[in-house]
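First chain written, first letter: the chains are A, B and C, and each begins at residue 1.
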């Protein structure tokens, strides 16, 4: 855990529960950010963007590179964090747009299997590209940047967790405003609902798809940085398992549904932390997969259901 | 022509500039400072390679290689014509004869590579049933390989069950595993299926990794027996272990030939046609009286059987198994063989396995770049040649490819 | 009608879905200020003709000219800014956008807030029910309301040529009358040229100046609406007599 805080005394079950909840919400927020990228891309072109996890990992790497560089040059921590966040989000947005242009756009008329395989190929390509350029080993974040925390009734909340949750909430609010209040957001929803019709009212769907990829990638990059800060390091293959979990979150919330992805992410994070805390930490990754399978089997439209469709994009 | 050419080069320039911008942050920003040299070195390689390819492409289009390609095309036509006249049994027997005599002309290292190729051919053909024939994208296929390998490993180490007996047992276990994985996914749409099978594959690996009391976790299982056989030693029939590479090569060759024949027969059977019907149009297939759920389950089970067979052999050949051999990357590798070769095509899958195993062996210096290139090639294949190197012959087209 | 340069002209347009040719060498002209009907039975190629005009379907042969420029092969999203808008078959409302957002989408390419506001008020004046339902999701509207919304959305693009595909389909007679009344009003007071595709030939011809008859992908007849209404063959085939 970041910050090096230790409990002052042995915990009561209630305190343990609350601690797990706090940790779960932190993790869940990060999953929600990644899940949004999946859900938005799926909503608009019905593609599981396998490479999304790698975009998230690239964001984590950009974060560690920029933060270490800025921090080494004596910038204050908040400036480092802010600048790294913005630059990494921008970089990943460009990366995702390039990815879409190269690997998905030429396949717009092909079978779904082809696009899916192309996505898978790009995922492997980017993951190994990260390995080649950044090395096989973990890269450490300068976690000494933000240290400490506070105790509330025996529950430790680190400042880093506060920053993560705060940023996540900020990004989610901004995203909601973007999607529901702006012209481009409305055009995104229109394109997701009917591509031919949106062309008939003069919307350039290619541009909207690019924007969607960029937004999803920006959120994933922010999530990558936060995870790096939370766990203290990044690794080239860090995108794979969280990618599947975030996709599970998107499915859990009903794919294509923005509010659903947020809720789903939160739920998956909390469930994972509780499963690790109460059942078995070795098998914690299994639970996310089991949830994914169970949701798809028993309620394929997700917890938000098909009737609550006003939040689908 | 000149205008178009300049436009092409402009695009190339823009793409390369963009690529450099993308590359530089990951390679050039260090805590010590900014550095251009590394990313520039990589960028210049890619830029030069791409420029050469582009120039070749343009020259080819302009007909500069006419003196080369025209005779080559003519020769190709002659060769194809001649090949069509050679009866197929002759081609097959020549290939088989070459495969059988292979170990007598080659060394240990070549045997080793050939064994890997054959294992992957079996895996590729098994996955081909699921992906190529039935059209169900399975990203956790390697789990069946793992089930087969661990079945034999455990039975061999704890109960001393022989390899030959274990082949059918492992195949059954794998088939059951296939049904277990297949059942909940039957009603799912294609792309959900992909992620769910991926999840199942990971579950199997995580369980193998953590169930210490049975699988010995990440340390794996040691001391698995090789296949045994009775053979004349002088005058007496004695039990021996077939543990040198030559003998193992023949075992896996036999398994591979069995697989090819089985998959070929399956392709041309009623069930094979049902698979294709489900792939092309599930609703129509159902209306024609195909039991689509049963057929899908059968596809999983049959695919798993070959995975299990290959796994059993793998455990016997390595005499050691650990969860590390059953990661997602292996699934992706088998899948890229199927895709590269051509989905649904037996010679295609064989070609894919040969290419993907032998090429990296030839370029051992580039070991690290293997998966990097795979990923890129997989995406590019989908864009430029979605049917693979050796496409399957079929009647009619896929519904979504039409128009 | 007095102007003799057509605003829209199709010259021998052939379009196909895969190998099946849906229309063959269709030629037609629409002059500014006209209401032109294209009538024909189910599957005669009426909607295909419209889709070929507006760039969703790329014609295999032939040329489409609009406002003095050749537009076949242009991407569909480039045409609304030039004043060519369509109300497609099945209306295609964005189901999870509100009524007002649907109208905003009709004006997506425009950047004159006052003009957009003005046109929105005009749409609400033409279809008061939309004002009532402005915060409701498009998918929850009734068929007639959806038709009105689809027309309103097209009008938000300030079209000079409006393509209407089966505006009467599946609607109650009273609503149909209302819709056609508004079509005439758009044509007469806003000066919008209208191309009307209809199965209901009687209604369409009564509301237009000229008509084209499509049969199995070919134009088999073109004439003034009055002449077509009087033609015994047409009366027999399309007017149910």
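By definition in this document, a residue touches a chain if its C-beta (ideal position, glycine included) is under 8 Å from a C-beta of that chain, and two chains touch if they have at least 3 such contacts.
Bear in mind the structure is a predicted one, so any value in this text is a computation, not a measurement.
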item	value
Most central chain, judged by mean C-alpha position against the global CA mean	A
Per Cα centroids, the chain farthest from chain B	C
Separation of chain A from chain C, taking each centre as the mean of its C-alpha atoms, in whole Å	44
Intercentroid distance (Cα basis), chain B paired with chain A, Å	31
Centroid distance [mean C-alpha coordinates] between chain C and chain B, Å	53
Per-residue multi-chain contacts in chain B, two or more chains	none
Complex contacts: residues of chain B adjacent to chain A	18, 21-23, 25-27, 29-33, 42, 135, 137, 139, 184-185, 187-188, 190-192, 194-196, 198-200, 202-203, 206-207, 209-210, 328-329, 332, 335-336, 339, 368-369, 371-372, 374-383, 386, 398, 400-401
Residues on chain A engaged by chain C in the complex (per definition of touch)	183, 186-187, 189-190, 193-194, 196-205, 309-310, 312-313
Residues on chain A engaged by chain B in the complex (per definition of touch)	46-48, 58, 61-62, 65-66, 68-69, 71-72, 87, 91, 94-95, 98, 102-103, 106-107, 110-134, 240-241, 244, 247-248, 251, 280, 282-283, 285-286, 289-290, 292-293, 296-297, 300
Of chain C, residues touching chain A in the complex	54-56, 75-81, 85-86, 88, 92, 94-97, 101, 104-106, 108-109, 137, 139, 153-154, 157
